[in-house]
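Here subunit A shows up in two complexes: once beside subunit B, once beside subunit C.
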Partner chain A sequence: MIFFFIILFAISLIYLALTERVARFITLLIIQGILLAGIAYWHLKHIDVIHLSFILLETLVVKSIGIPVFLNYLRKRNRLNRLNESKVPTFVSILILSAGLVFGFLLSNYLQDTHIETIFFAVAISSVIAGLFFIISHRNVFTHLIGYLVIQNGIFLMSLSVGAEMPMLINNAILLDLFISVLVLGIFINKVGDTFQNLTVDGLSQLKH
Partner chain B sequence: MIAWGTILTIVSSLIFPGIVIKTKATLEGRKGPGLLQPLFDIGRLLRKGSVYSLTTSLIFQIAPVIYLASVVVAVFFIPFGEAPGLLSFECDFVFFAYLMAIGKFVMIIAAMDTGSGFEGMGANREALYSMLVEPAFFILMGSMALLSKSITLHDFYTNLYSGSHLTYLLVVVGIFLLIEIMLVENSRLPVDDPKTHLELTMVHEVMVLDHSGFDMAVIHYTTGLKFALFSALIANFLIPAGASLVVQSIVFLVVQGGCAIVIGISESFRARNKMSKNPQWILTLSATALIVFLASLILTHKFILP
Partner chain C sequence: MVIYFLVAMACGGIILLWRRKMVTLVLRCAFLLNQLGVTAYAILHRGQEDSLYFNFDSIGIILATVLTILTIATFYHSYLYLNRHPTTVRNESIYYASLILLITAMTGAYFTNHMGVLWAWLEATTLSVSVLIYHDRTATSLEATWKYVFICSIGISIAFIGILFLSIVATKGGLTDLYLAGLMKAAKDMDTTWLKIAFVLLFTGFSAKLGIFPLHTVCVDAHTASPPPISAFISTSLMSVGFLGIFRMYSIIAQTDAHQWANKILMISGVISIAISAMQLLRVKHFKRMFAFSSLEQMGIVAIALSAGGIGYYAAILHIVLHSFAKASLFYQIGQVDNIYHSYWIKDVGGYMKINPLGAVVILLLFIMITAIPPSGLFVSELMVFKSLFAGHHYVISIVVLFLLSVIIFVLGRNFTQLLYSSEHELHGMETAIAYRTETISQFILIGLMIYLAFWPPAFFINLINSAVVMLT
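Showing the complex of A and B:
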């Protein structure tokens, strides 16, 4: 089952490049959160109940419900419908993300460490690449936030790929980091939206005057 | 019994378009035409003579027949359960893919032969979409070859489930891809809308605007046959090995009907893509097929790097 969820997670990365509607971005993040919860449950079901419940709470409640609800609030408040301001054509984006997947696969092959599970690692690396690419190829702050969350999902998957159980402290740190970042960026988006009437980062250069 | 799969595919191709139309009509709250209405329409067209423009040449006249012949020969390669197709040899899936391409190629040059700007535009788009969807089909076939450790279309299906049980999960994605490839190959929603009446937005329909009578009947029937052909590829994933011929035939026909209903439902609720969005949408299929291929490499422990 883990295998299937990871495949679906990888497909969701490709569809992220195809998407333009903000609501669809949020739906994809919800799907990724649910998939990560499924992967974490099947992968870590042998660990103690408290740790497992915490991880499931983190993926299901925070990633699939909390953050998407907040993003939806931002979308409505700033009247965001479409994000088609990418500097790179979608066709090229899909090619680059596919190349990212191949790179992730080759890297995990190259490492061939017994502690690394190939498919986890390949998709995790691809997710990080996809998130980074997303941030550098878009001008909109909202898309940067989406890219950041995709990187975060990749890091979560990577922590599962190394096979070790995630200590509670690291989990707490990741969760806190995620929460604060989304909150800060959310407030930032609202302020940018109020001041410049659109969310492209080009407008930020006016601040220096 | 080698020909049984071919016979069933040809039989199901006769009512496939009817099921699609009936499903769409039902979902729209209409009674709709009967299941055999498309077949009656083909019969009516067959009785009519063809009209040829003076600007067209022999290519335009023979193209529909070559189109039909290429798809009929491709049907001969479709296996049925444990039985191979009427034709089967090593790497036949490559031949199969290029048979489909030959049909498309002659229809494209026939459209160019008319000298019409609209038909040339439709031919241009059809060629682009076919070119973009081809990698998805080949990558999918490559994945099946890896998983089944064989290189014939028949062995793909018979040896597919002999390895890891995780193959079943990849088959789900494979079926999804084949359905989408079928929609692109047959120029249906979301890539093209057969009901559109504006030449500027047509893809396949504008290519066949100058065909009439017998030729039009052949083109219509070939569309149904292509649907049945791709559905047969999907059905072979699901036909239980070792079951009796009756059970296998029932499963085959149910899958054919299921595919037609899925297309009807999808066309009722799906919006057509903007023309400029089509290439990237089709490329997504190749990217998804690539994921299946990489997963197959991992499953079969094929490591590329030392």
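Showing the complex of A and C:
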């Protein structure tokens, strides 16, 4: 079951390159959140119930409900429907994200270690690469945020790959999501939209002058 | 530490919720006492553990003492800044509450003995300082805030991956937690491949805080857009938090065979930082941006000092301390310059020597201090850096760095001369400007402290640096 979830998570990374609709990005994040909760449950079901419940609740509430609802609010407020501002053609993006997945698997095989879950680790690395690529290849701050959240999901998965030994780190990873995501999302996206009348990074280059 | 955190949170929380000028003033004083108290307590309990995740080690005490000194000055200059740039009571409350949170987070970062907790405090500094950068609510402050929060968040996420890698290597070494002492003890048996990856990731992530290559750009923008007292903090104590993160990781890797490899990373980053600084300074047109690139150069020197080893370790810590005093003073003084010219652009200023002679003397002294010309304290630390570079036979790097430093001195000299002696704009805005002599007191004290600590360092100070250096050997 756990591998099924991880494979689905990996497919969701590729799908990121295929879509331009903002609503789809948000749906993808909801799906990723549910998958991560499933992975966390199957992977950590041996730990104490309270701790496990805390992790699952945080994952589901924050990743699958809280942040997507807020993203949706931002989407409506800033009238974002379709983001076709990628600097890289879709086909090339798919190739790069696929290459990221392959790189993740090669790296985790190279670093093969008894203390990490190889498949978790491979998909986690791929997710971080996908998030970074997503940020670099788009010019809109909203999509940057989506990329950032994909990186966070990758980090969550990575912390699970070593989570059996270091459960505290899992909580830290979730706290990272909670604090920064909410701040970055909450305060400044709307301010950027209000101040520059659009959400592209073109307006954010006055300081260089 | 728990009492300190509770008092700090109470002060910040009440300021935020109970928005009265008098309440804010009283609570600021209470927080200052709290900050002085925790620093004194740390000095008196040096080497001892406190609560679950804190330890008063030498490097923490040094940086926290610098922070406390700058806190007093920053509170004073914040008061001046907010009087001259009136804002709503709400914004003023947010400003002070965020400032208190920032200082508390930095203090927590200095004294923690756990890598995971250090990371969490670093995260807290990003949140609190972002509110302060955005204080002026302008388009440029929004741009700087967005970039700072976003890139720092990415950087700190990368650092978190580094900590995860460190946890893997720690687990392999039989550790079940990320306490610094345990990590250093177990470092010799750690797998160097994993450790190298962890070091690179942590270094990259924390470079956003230290303001050094590769993620130096966010700090530069944040300096430019923040109110001067906040720029003073970003450029000094906040950079020290990044330094501490790298220092902690370096103290682990220094126990292993990967030590020399880590030195190369630091050396490359340091030299590139100075080179970028020199190139950018040649075309800089804004005073705060100029100071920001100067900080990039200074942090480059610190990285080179660490990588050179030997006396370079001592020089790195001394440099961080002295640079904090000089750069904070520069930002405080440039706030006063802005009060006269209503601009930070170099083209808009001139004749400062006639308009405000005392302030001009401060600028002149700070030019000498920041460019490491004797009797600047930075002269002593930079001399030590070059001594260690020559001792390590890094002749080419020494020559390249010396050349780049000469370019930087030239540019800084040219721009400060424009401010002090150019007659082109000397009457601009002069009629409305008021510069109280008391505003320069803090700068004179910091300059004096800088010279004193470099040329007549007290035994206690030397002892503190030496015991911090012991962690690296």
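In this section, the second predicted complex is superposed on the first by the 186 of 209 C-alpha atoms of A that agree within 3 Å, B and C clash if a C-alpha of one lies under 4 Å from a C-alpha of the other, contacts with A are read in each partner's own complex, and residues count from 1 in each chain.
In this section, contacts are C-beta pairs under 8 Å (C-beta built on N, C-alpha and C of every residue); 3 or more make two chains touch, one makes a residue touch a chain.
From a predicted model like this one, the values you see are computed outputs, not experimental measurements.
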*subunit B or subunit C, by number of subunit A residues touched*: C
_Under the stated touch criterion, which partner chain does A:10 make contact with: subunit B (first), subunit C (second), both, or neither?_
first
_A:155 in the overlay: touching subunit B, subunit C, both, or neither? Say first, second, both or neither._
second
_Quick check on the superposed pair: does A:71 touch subunit B, subunit C, both, or neither? Answer first, second, both or neither._
neither
*Considering only touches as defined above, state whether A:97 meets subunit B (first), subunit C (second), both or neither.*
first
*Figure out whether A:141 sits in contact with subunit B (first) or subunit C (second), or with both, or with neither.*
second
*Could you tell me if A:105 is touching subunit B, subunit C, both of them or neither one (first, second, both, neither)?*
first
*May I ask you to decide whether A:128 touches subunit B, subunit C, both, or neither, giving the answer as first, second, both or neither?*
second
*Go through the superposed model and pick first if A:118 touches only subunit B, second if only subunit C, both, or neither.*
first
*subunit A residues contacted in one complex by subunit B, in the other by subunit C*: none
_List the residues on subunit B that touch subunit A in their complex, please._
166, 169-170, 172-173, 277, 279-281, 283-284, 286-288, 290-292, 294-295, 297-298, 303-305
*Residues of subunit C touching subunit A in the complex*: 116, 119-120, 123-124, 126-127, 130, 134, 139-140, 142-147, 149-150, 153-154, 156-157, 160-161, 163-164, 167-168, 171-172, 176-178, 193-194, 221, 224-225
*Which bits of subunit A are touching subunit B when the two form their complex?*
3-4, 7, 10-11, 14-15, 17-18, 89-91, 94-95, 97-98, 101-102, 105-106, 109-110, 112, 118-119, 122
*Within their complex, state which residues of subunit A touch subunit C.*
111, 113, 115-116, 128, 132, 135, 141, 144, 148, 151-152, 155, 158-159, 162, 165-166, 168-169, 172-173, 175-176, 179-180, 183-184, 187-188, 191-192, 195-196, 203-207
